[in-house]
Structures are given as structure tokens and as C-alpha cells.
Amino acid sequence: MDNRTSNGILAGNPLFRLGLGVCPALAVTTCASAALGMGVATACVLVCSSLVAFVLGKVVSEKGTVATWIMVTACFATVAQFILKGWFPELASELGIFVPLIAVSSLLLSRADFASNNSLGAAMGDAVGMGIGYIIAMTLVGIVREILGQGTLFGSDLLPFTPMTLVALPAGGFIVLGLLMGCWNAITAKKNGKEETQA
Amino acid sequence: MSSNNTFRGGVHPLHGAHEGKSPTRGQAVIDYTAETVTIMMGMHLGAPSTPTVQVGDHVKLGQQIADPVGFLGLPVHASVSGEVIAVGPVQSVMNPAAMAVTIKNDFKDEWVDTLEPLGDVETCDPTKIVPAIKAAGVCGQGGASFPTHVKFAVKEGQYCDTIIVNGAECETHLTCDHRLMLEQSKRIVDGLRAAMRALDVKKGVIAIEDNKPDAIEAMRKAAEGRDGVEIMPLMTKYPQGGEKQLIQVVTGREVPTKKLPLDVHVIVLNVSTAKSIADAVIEGKPLITRITTVTGHVVRPCNFRVRVGTMVDELIAECGGYSIPEDQVGKVVMGGAMTGFPCPNTTHIPIAKANGGVVVYSEEESKDYDEDPCIRCGRCVEACPIGLNPYKLKYFCDAGDMKRAGEWCVMDCVVCGSCSYICPAHRRLTSSFKAMKDKIAAEARKGKG
Amino acid sequence: MTDISRILLFMVGCIFTHNVVFDRMLGVHDAGQPRRFETSVIYGVAVCIVMTLSAVCCWAVQTLLLAPMHMEYLQIIAFSLVVVAVTALTQLCVSKVKPEWMETLDNCLMPIAANCAVLGIAIVNAEAGYTFGYALLSGLCGGLGFLLAIVLLAGVYEKLEFAKVPEPFKGMPIAVISAGLIALAFIGFKGIA
Amino acid sequence: MKLHLSPAPHVHSPQTTRALMLNVLVALIPCAIAGVYLFGFSAILLMLVSVLSAVAGEAIIQKILGQKSRINDMSAAVTGLILALNLSPRTPWWVAMAGSLFAVIVVKGLFGGLGDNFLNPALAARAFLLVCWPRYLTTWAAPLAADAVAGATPLANPAGYTLGQLFLGNIPGSIGEVCKPAILLGLVYLLFTKTITWQIPVYMTAFTGVFCALMGGGFVESMLSGGVLFAAVFMATDYVTCPMSTKGQIVYAAGIGLIIALIRKFGLYPEGVTFAILLMNVATPIIDRFTKRRVYGYEDNKKKEAKANG
């Protein structure tokens, strides 16, 4: 149970190492709070959809898996949208169209595939690990982009020189995410030698 | 009289220094007979011949000392009269040692009596010309050493309408063809006429680069009145002497990929090959001597008429030895600067039928540069006469990706060296293409075998 | 501004200025996958077809079904259903019309259903309240923009294949940075529509 | 006597990467001198800062990544100098440093050093700075007058300046772009030393003029204003990022001209040159793919069709 979770956070971090869930990671992380919110929402939907995927795993035929997972994640995304619109209206407006897009996030679909042909313990451990890993990754990107892009962090002013508006733009998002991925690989590779990540 | 008949691409190596030919272009050919000669059995492209003499036999000049083996085989003849002192493997320019016959010269030079000359080229019986060529052991002396009688074997359904004599000599440093054209121009035209009559071809063209105006003049005078023979000056550019480039410039046709010149009805002969054909037909003499330029860092660079099998270090000694201290010598190359073969040593390398020159480089000139990254400057794409993409091919060859190297036509590379010459980043392009070509050829042979 | 130039500017806007991958950052996971040039062209065309059809169908579902019955909250599920159906339909047609395309796409078009760009464009059309013509145009041009992005990325990827990229940056990181640099170039189009 | 056995060819042309880069540096000197003459001390400071930070950045990234240090092939110095000549004299020094570091580390270093980057480092850095700190890069200075803030550049109000001023360069603008005779001097030097071929500069300037004229701008003014000439000579001809064959280079130049005209007519940024060249750099791998030369002995498709139905 725990090595699956720790793998999800460090070696097998979904965003940095496996490159899953990149679309929201670029669009929403212009401010750290939105990134955190998105991370948590995606993590919750991930855990639920992995659970349902594990249950349906035996039933669904091999060909139809992608379609079914999309349907499952679409339902949970709708639920997430209700919750966000109800309790965190300003976060919902900030995330905009990316809450419905959780339905087709590559992170959820690949974890659902993983969950459907593994034991319950492994599936849940992996889902939780990936969820936490994703939250950490999203918040990290959000922090970096907010500091450099707006010069503020969670609202408080921070940057000595005028902020680099490029980092707030999509192009800057790509570059910052790419750089963070590279540094993350360098750090994790150096930390635990050449141990291969379990995708 | 500079001409603008040329092909696309190509480079101008050592253009400032007359392609490195100035030291020896004015020197007449000097005869040199060696003490002992080591005649290699594998001087031609086909399988090495089997020696028919034992140690202690006495051989005359021009006597056959080995029988041909296989379809591409050629007989080998003694280039000196004297006594056979050794029959065994000797280190050759190719790294594996090859079978050779060593003969000690008795300086009598008496010709063997079994020669059968066919008389004048214009009147002799055309059907006898090709067997005479085979009997004389004539092979391509431009560098490929492909047996000439096999080249003349025109299969049915094929025909030849032009014979080109390659007097381009675009390789740097070498002036053997140039001197031959000046001193034996009539014999070359006879050789061309003999080939034309043997294959009953109406048109013969002698192509000469315009950095040899005296040679063009001499050949024009010799070719007057000979029907079907014309002289064509070409622009001086390397690799004009390549078979494919010559055919493209002289006849405007292109040899299709994986095909031979005969498929576009052309045969290409080197100038010295034409002369050897004339010797074989007119006097029935075998191919035992060749003109070789010895130049570079030697005291007196000069052109030798040398017996096949003479050792390289003898020639260098004859030139007065190295002009730079011994440890300063970097490389001794058989052939010119662009396609020459570096010798591992100079004491055991005999001159073969196709070795046109020996060039000595100083240590500074032969320094190995390490490869800088490619900056995609496009000079190699401009320089390649075949129109390949050397910078892209290099990546595939380094990665050992045979499929994609084949897709990008590495097998069409003529290994002329233009791309490696011009590359500002000193990348070794030609050698990696040659390695990949050998690998693919070996793979194909293994597949077939 | 005549009608024609407004439509033309809208199309240029959708393909270049608000490019689906580089400006709206949808479908980045699919675009980032390393592919050869031919496969990327075929995959791009397939995505373009699916995107256009799903934009039209989603517009129909939105205006005919969800809006009159005030069931906008079911939008996500409805649109996902439509996208999956359209992808399955396209897979059938393509395997009949052009079987050799299917080999290059290892005969499964389902990943296109999981592509954020297709669903994203549909939702954007619904929220912006486009009429039928604009929804169709936005789907088509979004698809063409995706094709352009994928083809450019494949061209750059083939150049990077032999590049001496440092070890930690090999694979996804360098692909994302390349996309970032291309997006930096695409900023030049800002202001055109 | 140890004989080398390195393979053929045994002779090499005098051209080396370092020599080519030195040629470019020498060709840039007239523009640098003109810039310093027109805009005074701040031009020198910017040039020094950006060249030094480019070289230092390259050294650091190569040490971190364990690559062989290649500073002496001067490519980082060329990138730094070209970037400096692209900036307005008013830009603060740390902006130039940030631009140089971005160019040498992100655009070139992470892709594997010289030869593996697909964007022109100097141009990508200029776009990066233009988008990051638009204010710093668009405050211009009047030439020859001690730091009086000048009016808009000829791009902003084309009617404001005569052709003579445009050509001679006493107009507000970037350090290296204004003085056209200096650029032409550099072009002549590069062509004379065969460092670049004439196709890209000539075609790009011509296409820019044609497309701008089609879109309503002046034919000659558009060629002389903004950074078109400087970019055509020094930036679009960067080997690594321009197509290999001359056919491809013509398509590349046409694309640049078109996009410059488009951006200048409709776009938000007044200066379209930077983004036009970057966009065509991105398209270069595809242009290369479709403009391959016909290999000797293969019929190109035109002949093949002729034979097929002939």
C-alpha cells in the first residue's frame, strides 16, 4: 500500500514524471490557489473514478474501456462541478472550462486502466498516491508561475522587479512546466539512483 | 581555355596550390627498376589468383606466374626477369596479409617468347582484342581495378554507344595520368580505338580537366584523323573523375541507381588502362609497369615508371628520402588526398596495378581533429555530387540505423570525400558512410549466402 | 467589415491566434506524444474530422436538448457521450474508407475521444453561444489548428531525435519546452482577430 | 615513425565553425560602431553585458550538463552581440542579461548545445523579453541627443520620417537596426567571405516589401523601417535554424515576408520581424522535408509520372 503511494508522489509523480494531466496544469496554474483547488478536485475525482473503475474492471470488455472510463469520469466531473459551484463559487469561475475537462484528463483515464486490472489495495494506494503527487506538482507549478508571473504569492506582493508577464501566458506555462519536469527528474534520479518508475 | 562542362556540387581541394600537383606536373617520367619485386596476387577486384611458380624457378619478363580464379580473376605476370625467392603472404595496404610472389631481379629484362602481338590496332581482328586484354591481365588502373575484359563483356540486349577515356585526374597530388597523356598520347588513342573496334562503338571521347592544357593539346594532336575520337575539356572540380560524374557531363545521361554504366550504354576507361590495352594489342605485352607519382614531403618529388610490386620505401629513398625529420612524418598515403589509403608502414607495401601515387604528409597536416557538433550549414549538401544529405545520413550511420540510412540512399554514396573535406565542424562523414555501406553490403551478402 | 472578412478573421483567429494547443492549452497530452511525421499528419486529420463532427453534434445537443429543457448541468455527460459516439463512428468510416491509415494509428481511434481539445472546443462553443455556422467553423479551425500544432511538433521532434538533450530532459520535458518555444512564436499572431 | 591511420580525405578546407562565427562577429562590428555613435554609452554597456552573460551562461550550462566546453567556437558571443543589437538603448542591463541567459540556457543549452536548437537563440530571447517586459523594450531614445525620450518609431507613425533619415538611421529604434549602411557593409563582408548565400537576405527583404505594399504599406519604407534589413542579414541566415537547400530558403524567406506584413497590418506588436522569423524557424524542419534534392540516378516524380502515363 505505502510503496504505491510513495511511488505516486516522488518517482512516479503523474505530472512531472509520467506527463499526465498536463492540460489543466498549464492553463490553471497562473495562480497558486486555483492550482491547489484544481489539484484537490482532480485528486478526489481520481480516487472515486479509480474505485468505480476497479469495480467495473471485470465487467467491461477490453475494447470498450476508454469509452466507459470517460463516462465514469464525466459523472464524477459533474458532481465536482456542482460542489465547486455550490461551495467555492469564485474558484469555479477561475477554473472555468477546466472543471468539465477533468472528465477527459489523461491522468484519470490511465489510472482507471491501472485500477481496472489490479487488486483493490494497489488501485486505491495508487489513486491516493497519484492524487497527492498531482496536488503537490500542481501547487508547485502554481507557486512558481504566480511568483514570476504576477509577483504575488497567495495575494501578497513579493517580487522586487516587475513581473514577467510571459510566465502567465500559455507559452511561459509550457516553458516553466518543462523546466520543472527536468529539474524534478534530475532530483529524483539523483536521490534514488536509477530505480525505474512503475508507470 | 577554361571550359564550363561540369556537374552539380563538388569541391576544389588545394585549388590555391594547383591541386597539390605543381611539384611533379612538369617532371618527365623516370624509369625505376627495383632489386626485388613483391607481386601481389590480389591486385584486381576479383578473387586472388593462384601462383604457378615455386621458389627457385627462373622467370622471364612478362611470364605468367599465376592463373586467374573465378569469373573476375586475372592472370598475374612477372614484372622483372629473375629468380623467385619467396611465395607467401605479405602485409598489403588492406590489413589482412595477402598471397604474393617475390622475385629477385637479374636486370637482364629478357621478354618471355610466348607474346603474340596482334599488330596495328586499326587492322587487327576485332574478336581477338578482348582475349588479348584478358591474357595481358589488364584491369582498371584508376583505382577500382575492375578487370577490363569483364567490363567489355556486353550481354545480349545491352549495347554500348560511347567509350569515355578518363583523363580528368581530379584527385589531388597525382600527375601520373597527366604525364602519360603528354608522353604516350598516341598509344592512348590506339587503346581507345582498339576498345572501340572490339565492341564496334562509333564514338570515343577523351575527357581531360582544363587544368592540364598541355595534355589537351597533346591528345588533340594525337587524335587528329582517328575517326570517332574527340577530346572534351572539363572544368577542374573534384570529383569530376568519378565514373557517374564523367558520364553525366560527357553524355548527359545518369546511371540509374544500383545499375552499371553499361545500362546507359557507356563504358569508362582510365587513361593508363587505355595505354595498357594498346600495349596488350600492339605488342602483346602484359600489364607490368605503371606510372606512380611520389610527392608531398620528399626531397625531390617525381613521377616514376615503376615495376608492379616495387616497395614504397624504395621509391621514397629514390626521391632522396623525407624532406622533414623522420619523426615529423605524419602519414604516408597510397593515392591522392581525397580517396587515398593510409599505409600502416612503408616497408611492406608493394605498388599494385591501380596505385597512382604515394603522398607523404607531415605530422601537422595529419593531425586528427575531434568532431564538433553539426551546425547545419548546408555546405555538405551543396558539395555532394550525388545530391545526398550527408548531415542527416551521418546521424543514421552513427546510430547504426541501417533501414533509414538505406532510405536516404547511403548505398548511392560514391565515397568521394567532398563532404568531409568541406565540413567546417571536421565531422568524419565519408568514413561513417563507407562503414555503413560495407555493413549493408555484408548484411546483403549474408542474407543471400 | 464585410461578412467574408469577419469569417476569414475568425478562421485565422481559431487556427493561429487562439490555437487549440498553444493558446488554449487543450489536447497537450496528445500533441506531446513523440510521433513520426506521417503518423502525426494522419492523426491530426483524424482529430480534425472528429472535432468538427463533435462540435456540430454538441451544438445540436446543446441548443435542441439541453437549453430548452434547462438541463445545462448535464452538459459534461451529454458532450462526453456525443464525443465518444462520434469517435466510434469515425473509426468505423476510416477503417472502411482508408484502411492503411488505420495501421499507422495502430487501428484504434479511441484516444481521440480522450483528447481534451475535442471536448474543450465543444464546451467553448456552448458557453460562447455560437450560432451553428460559427460552431462548425470553430470546430473545423480548431481541428486544423491542432493538425498544424501536431505537424510542427512532429517536425521539431524528428530534429530532436539526434540532439544531445541532457539526461533528465529527455522525452516529455524537452517536448513541453519545445511546445513552449513554439507557443512563444505563436504569440506574434496576438491581435489578429 | 608512428603513422596515422585516420581515414580519407586527408586534406581539409580552411573553413572551421570558429572561423565562420568570427566572420559574423566582424560583420557585426559596423552595426555596433554605428549603434554606439548614435546612442552613446548605454549601447556599449548593453553589448558588453549581453555578450559576457551569454558566454558565462553557456559555460555554466555546459559544466552542469557535463558537456564538453565549447565556448571558444564563439557562437555564444555571436548570440549575445546580436541580441544586444536588437534591444533599444533604453533597456536596463539586467533585462539584457536575462535575455542572454534565456537564449543560451533554455533555447540552446537544454536542446544539446550548438546545432540542436530549432529556434534562433537571439531572436527567441528578444521575443521572450518583448513579452516579459514590453515596457522596457519599447521605450526608444532619440539618436545623438543626450537621453531625450523620442517620439514613436517609424513603424508607429510611418509619415514622420523621410526616406533619407530611414536609410541613414538617425531615427529612434534598436541599437543595431537603425543604421542601414552599416548593415549593408556587414552583408558585403559576409557574402565576400562566403559565410552566407545571398538568397535569404535578398528574397526576404524583397518579399517583405512586396507583401507590405500589397497590404497598403509603402514598398521601400517597409523594407527600411524596423528590423527587417538587420534580421535578413544576421538573424534569418543563422545556419542552424534556416533550411538547407536554396529552394527551401526561398520558401522560408517568402513565409517571413508574408508574416511580417500580416503582423504589421493586423497584429498587436508593431515589429513583426521577430515573430515572423521564429515562426518560420519552427516550420524549417517541414520545409527541409519537402525540398530535398533529387538524388543522382533516381527519377523525380515529374519524370516518373511522365513515364507512367507516357
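Think of it as A, B, C and D in the order they're written, each chain with its own count starting at 1.
Keep this in mind: a residue touches a chain if its C-beta (ideal position, glycine included) is under 8 Å from a C-beta of that chain, and two chains touch if they have at least 3 such contacts.
Small disclaimer: the values here were computed from a predicted structure and weren't measured.
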Identifier of the chain whose CA centre is least distant from the whole-structure CA centre: D
Of A-D and B-D, pair with higher C-beta contact tally: B-D
Euclidean distance of C-alpha centroids - chain B vs chain D, Å: 47
Interchain centroid distance [CA atoms averaged], chain A/chain D, Å: 39
Geometric centre distance via CA averages, chain D-chain C, whole Å: 32
Interchain centroid distance [CA atoms averaged], chain A/chain C, Å: 21
Touching two or more other chains - residues of chain C: 164, 166, 169, 174, 177, 181, 184, 186-187
Multi-chain contact residues (two or more partners), chain B: 373
Where chain D touches two or more other chains, by residue: 106, 110, 112-113, 116, 128, 131
Pairs of chains satisfying the touch condition: A-C, A-D, B-C, B-D, C-D
Chain D residues within the chain B interface of the complex: 1, 3-13, 15-17, 19-20, 70, 73, 75, 112-116, 239-240, 244-245, 292-298
Interface residues, chain A side, partner chain C - complex: 18-23, 26-27, 66-67, 70-71, 74-75, 77-78, 81-82, 97, 100-101, 103-106, 109, 166, 169-175, 177-179, 181-183, 185-186, 189
Residues of chain C touching chain A in the complex: 22-29, 32, 73-77, 79-81, 83-84, 88, 110-111, 113-116, 118-120, 123-124, 127, 166-169, 172-177, 179-181, 183-184, 186-187
Contact set on chain C toward chain D in their complex: 9, 37, 151-152, 155-156, 158-160, 163-166, 169, 174, 177-178, 181-182, 184-193
Chain A residues within the chain D interface of the complex: 161-162, 164-167, 169, 171-172, 175, 179, 182
